[in-house]
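Going in written order, the chains are labelled A, B, C, D and E, and every chain counts its residues from 1.
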Amino acid sequence: MSGYLTGVLVVLAFNVIAAYAVYLPMAAGQLNLGIAGFMAIGAYGAAFLTNEYGWSMLAAVPVASAAAGLVGLVIGFPVLRTHGIYLALATFALGQVIAAVFLNLEVVGGAAGYTLSAYAGPYVVFAAAIGVVLVMLYLSRTRFALYLTAVKSDPTVADLMGISVRGVQVAAFALGAMVAGFGGAFYALHYNFVEAQHFNVLLSVFTVLYVLFGGAQTVWGPLAGAMFFTLAPEALRFGEQWRYAIFALFIILFMAIRPQGLITTSLFQGFRRRSNEASP
Amino acid sequence: MLTQQIINGLMLGAIYMLVAVAFTLAIGVLNFLNFSLPGLFMVGGMATYGFIRIGWPWFFAIGGALFLAALVSLLVERLAYRRGEGAEADVPLVSSLGFLVLLENLMLVQYGSDQQAFPALLPDMNLRVGGLVIGIAQIISLAISVILVAWLSWFLKRTNAGRRIRTVAENRETAQLLGVNIRRLVPQLFVASALLAAVGGVLFAVNYQQVSPWMGEGPGFKGVAAMIIGGMGSIWGSVIGGLLIGFAEVLSITFIGADVVNITVYGLLLLILIVRPQGLLGKPPAREKL
Amino acid sequence: MSSQATSTGGAAPEAAPVALAVTGISKSFAGVHAIRNLSFVARKGEATALIGPNGAGKTTVFNLVSGVYGVDAGAVTVNGVDVTHMPSRRRIGCGIARSFQNVRLMDHLSVLENLLVGQHIRAASLTDLLTPYRLFPNHRWRQEARQALADNGLERYANETVSGLPYGVRKRVDLVRATLAGASILLLDEPAAGLNPSETNDLRDHLNLLVAQGLTLVIVEHDMHFIDSICSNVVVLNFGEKIAEGPLSVVRQDPEVRRAYIGDGEN
Amino acid sequence: ADDLVLGFLTARSGPYVSLSNTNEAAVRMAVDEVNKAGGVNGKQIRIVTFDTAGDPKQAATGVRQFANDNGALAVIGPFSSSEVRTAFPVGERSGIAVMSNSSSAPGLTKGFSYAFRNTVDEGKAIDAVMASLRDKKLPMATGAVAYATDDTVSKSVGAKVAPELFKTYGVELKGSVDFQFAAFDLSPQVSRLKGMAPDVIGIGAPPEGAINLSREMKRQGLKARVIGGTTIADPELPKRMEGAGEGLTIGTTFFHDVNDRTRAFTKEFGERTRAAGLNRHEPNQMDASAYDIVLIYAEAMKRANVSGDKAGLEKERTAIRDQVTALKKFPALEGEISFVNGDSVKPIYVLEVKGDAWSLFDTRKPE
Amino acid sequence: MALLEVSDLSVQYGRVTALEKVSLTVRDGEIVTVLGANGAGKSTLLKAILGAVPARGGGVTFDGADITARPTHERIARGLSLAPEGRRILISLSIEENLLLGAHMRRDAAAVHREMDAIYARFPNLAERRHMLASCLSGGEQQMLAIGRAMMAKPRLLLLDEPSLGLSPLFVQKLFELIRELNAGGLAILLVEQNTGKALGVAHHATVLELGRVVMAGEPAALAADPRLREAYLGDGG
């Protein structure tokens, strides 16, 4: 594989993982604008454990992503008191606070960032991303995914159906945080360097963008969105200094033409209908 | 020194306040997390700068910038908001963010990534009273914010037009069924909130004598925080929220250090959301009865 | 109270066991007394009607029984279990399910998926939660939901998203969803509203079938013919208080009931 | 492989464009000069560019591309410290030299053998300023520090470098204030500085920080000499401050008016940037550094007898690294350059703001 | 004179045809009722008359003017008003604000307030709670609010979509009295009802829809006697 392609695919892998981290809570109706904060926890966690305690990657990655998930769990309870735009902004604030805390944590380098010696090569990163996609595909076929949508649609009724709304919401939030931490851990291990400034609002917001762009209705949307957002700027390299302006223009026009996102349920329904007709 | 710091906080808060009111119109009223507003704030400042640079008198430059911001906002309405009708609620925010990126990059191509010096419109834009320094632009922005806010809250509560707006905020489809001309009303709201944001940008530029493609992000995000702290949809809440954020920022710089600014400002936001999700003056959203 | 006499007088010696008992419940909203010291029971395998003028508090009773609000005073017992302080989501596990006056289907889900959500209480284990049922076209939960749709003549809507459905269809899906919880007590809030007379007849037959199967129904409804053909016992509310109780034929003669609720147009 | 390929990581988009997009003009200028003079070992140098947009991830991709796909012999750039942090490990693993023209955070090359920076540590730059002030007996009895907390370089200047230098030079440290990298309102900080009334204020910030601080100092009527290092060495800084920063003093590695060579460079640079339609026409230290990196690589390639043959690519890359490491007193545009632990050692020019221009205050050669 | 003239109106939702060439006339001072099973297209017809769903074909004429291409707000300004299916109460506004919203196009503030008082007199449940948020109303009370709000526009043609839904028998009685009264005052009404008997009782003219098509139209008395209709909509065929 060419070096360039490897580099681009690595970025794609991280974007895919991040997109699913956003997708999980979004499926339950939560707009998480603080996903970068959880990535930071995973990244710094993996960096710290491999650096200071000499842990192997195999141990450090699960622990670091579990740590991110745990923080998501603990913070999820109070934060999920809020809904809608309030929740979006609460998570936004949360992301800012987490990043600011790491920025001031001198044990992990503070503003100077933190270098790692352990290294996860491109193929390890690809495997991690594929793993996340497979797990998400699996989850999307279960009742858990059904309940995510139910809770998003009508929490009051879901509750009366016996669904633990809070439980589902917190689970989605914490699982999303865990996936983010997982991606963050590999990010650190692959690039051998983490800095708090990287995990900023724009990273969170752009990740949300991947999902909405790809379409939040189906489990394939985040994948499609992440692919688009990774590959389009590459394809636009010819645009030189206009590269990102063209990119933005394209986003706007695309969403104007197809506001429901790239991949939608009806896209599948057409397909399903056809296959149903085939098998009576 | 503390008095000066309080003045500093008040003045900084005034800028956030104006942005917060702009956001209140867009988010509280239209239920649209409009990420293009920080961009329009920036357009207010950058375009004024650009027009002045090509030799326009400053009042034409400001007028031109406001006009431009309104125009862009109409495009946002057309391409982001209107098209998103019926799709996922979060969808318009994608393209609104697209607008932010586009505006920033267009300015970047035109003027570069550097912060640019915005010319002083007066020889000294400051009042000096017994060793204290007070920015005139900030006083103007404080006054504009308060007046606008008072007027807006009266308007929304007491007039037919205000009720129409609140109907659109709750349910666009119902509004249409009731004969609200949303094709006219919504663009008007977009223009209004764009003008507020752009005026904020102009005042910012005049006051801090600087503009840059990224100038919208800091005040933009803090303006959102101010709006939420005050209570979404509550106009007076935006005022209080703006001031609170301004003070939190200045006081933590004064007594702790700038490293904790994000922790205190956004921590405050987080705390308020957890303790009182509807914000200080906001009402909890009405819930549909079973 | 005269109603007390009628209800005890009407009870046959082999009165069915009590499925739902509401004792002395009260509820006020911001100083407005929506329910005052209300008591009634619904017996197993019978249909009980809850009627009364608009704003009398019928839906509020359902909300209190299903736990949407907590009561200010009094107790609610479901199949012998005191659920007064039980969180709403666990009450369905005691065998009580409900439908909604303003139909509340989950807009992001298809009709079939709405029904699958309705089954939740019977599929609440971790295994059920994580079984990739969608990979098996004939998974039993799906089979069951499809069957329920077929039974109600709704199979052609199975994969539709619910938002575009006509009101009447939504109404029936809501009802089917409530029955799929496998509950022994169903609270139905105006099930016939918005249905035309022939559809109402179908619904009546369906509900009578459920009663015959031993289900307990509590029905809020303004259609007296409908109630007459299903419910053996009627509880009448006005201003949150019980003003009468008994068989419809008796209750509808009550002058207070006529004045407040039925008017003089109906017989 | 008739050409000797050098990879060039630059930022044509993103937060550093204004500082970075002119670097390419300087690089091309150097390449043209070398090629016109017959090239290196009879071969022409060819540049392959990659736009990182200031993004560390893309910087890593760029190095990968240069190493695996383009058959590059060495890499020029990347620009910022953050990009360097991800680019250096890739360069190390790929066995290709990577030399940054701008990153100035302390210790970035530590632990790497293929990592180089043609920049000086901020400590040395500010040390030079202090020494000059002392030599010229300017007031520096008391001092204070102002710095951006969320930027590596700025923070190390504010939290470590400046306070330590103050101690060395016997300046009484009255206190320090900090601000956010993107801060626009420095009124609370200046109000506090006013209370300290220092003779000198050490600044660790990007040029914007220096401008905003000077402006606010003027607004609140605080007079003190602001001193800083290369982070604020922007040729247009005096103009951008619009009279606010009189007396501001910095240490940097390039000044346009040192000798004929720098003047010729400046002239040519101006022409090339105008022709390319860029916004800035005065070279800054990063442009000069990028120019010199080409010359340094050319020299190293010459000494290593590099042929550019694909077969010997790995060996030749390593040979280039070894030659750069060994380079001493190389007569470059910026002055004589040597490498110690991957970082360059070169003269420092102390500049002062006078009117709306920089003036050369002092030149300090490395001991 | 024909106040409303719907001719060959067709409406489609995606691939679903909801209305196909439906024609219908409402004359000045007339009550016309539209009957039909669930999904027959009754609500769609009302929305199409109001322009809230786009027509695929056909036309709508109101008061002599072709309004087929006019936007909803303009049609309402011309004197149409709808109490919609599902009530569509604005829960974040108070009850009084909901009523005022119905009159948002009117400039005669004094008359508006007189009208509001009349509505309060008719619906005492609303009067008691006038300053509370509409979200706290019971189902039937919300229905009253929706009807009251539609009346506030002071229309020339009132469109009612299942107004008796959720109302108690007593109030259904009162509702039909109100309909008669309003009509006696000269107001034309287009009434969609499931309460077929009552609707036929007040109407001057009736139209029956089935799967988006008009299958019967005529005098209410004639329709009420039609065995097909009796079976399908009066529920006493079997």
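Just so we're on the same page, contacts are C-beta pairs under 8 Å (C-beta built on N, C-alpha and C of every residue); 3 or more make two chains touch, one makes a residue touch a chain.
None of these values were measured; they are calculated from a predicted model.
Visitor: Hop across touching chains from chain A and tell me the fewest hops that reach chain D.
Guide: The least step count works out to 1.
Visitor: Return the chains shared as contacts by chain A and chain C, ordered by label.
Guide: The shared contacts of chain A and chain C, listed by label, come to B.
Visitor: What chains, if any, are shared contacts of chain A and chain E?
Guide: Where chain A and chain E share a partner, that partner set is B, C.
Visitor: Counting C-beta pairs in contact, which two chains come out on top?
Guide: Pair with the most C-beta pairs in contact: A-B.
Visitor: Please report how many Å separate the Cα centroid of chain C from that of chain E, as a whole number.
Guide: Comparing mean C-alpha positions, chain E is 29 Å from chain C.
Visitor: I'd like to verify one number: the distance from the centre of chain B to the centre of chain C, where each centre is the average of its C-alpha atoms, in whole angstrom.
Guide: That gives a centre separation of 49 Å.
Visitor: Let me have the rounded angstrom distance from the C-alpha centre of chain B over to the C-alpha centre of chain E, please.
Guide: 43
Visitor: Considering chain D alone, which of its residues make contact with at least two other chains?
Guide: Touching at least two other chains: 13-14, 17, 149-150.
Visitor: Return the residues of chain C touching two or more other chains; collapse runs of consecutive numbers into ranges.
Guide: Residues 59, 68, 100-102, 104.
Visitor: Counting only residues that touch at least two other chains, what does the list for chain A look like?
Guide: Where chain A meets two or more other chains at a single residue, that happens at 103, 156, 217, 241, 244.
Visitor: Per the touch rule above, enumerate the chain pairs that touch, sorted by label.
Guide: Chain pairs that touch: A-B, A-C, A-D, B-C, B-D, B-E, C-E.
Visitor: Which bits of chain B are touching chain E when the two form their complex?
Guide: For this pair, the touching residues of chain B are 160, 163-164, 166-167, 169-171, 173-174, 176-181, 183, 285-289.
Visitor: Provide the residue numbers of chain C that touch chain A in the complex, in ascending order.
Guide: Against chain A, the touching part of chain C is residues 66-68, 88-90, 92-93, 98, 100, 104-109, 113, 116-118, 120-121, 123-124, 128-135, 159, 161, 177, 181.
Visitor: Considering only the defined contacts, which chain D positions touch chain B in the complex?
Guide: Counting only chain D, the residues touching chain B are 13-19, 148-150, 177-180, 182-185, 187-189, 191-192, 194-195, 207-208, 211-212, 215, 219-221, 239-242, 279-280.
Visitor: Taking the touch rule as given, give the residues of chain E at its contact with chain B in the complex, in rising order.
Guide: 47, 50, 52, 71-73, 75-77, 81-82, 84, 88, 90-93, 97, 100-102, 104-105, 133-138, 149, 153
Visitor: Quick one: which bits of chain A touch chain C in the complex? Just the residue numbers, please.
Guide: Interface residues on the chain A side: 138, 140-144, 146-147, 149-150, 152-154, 156-165, 217, 265, 269, 272-273.
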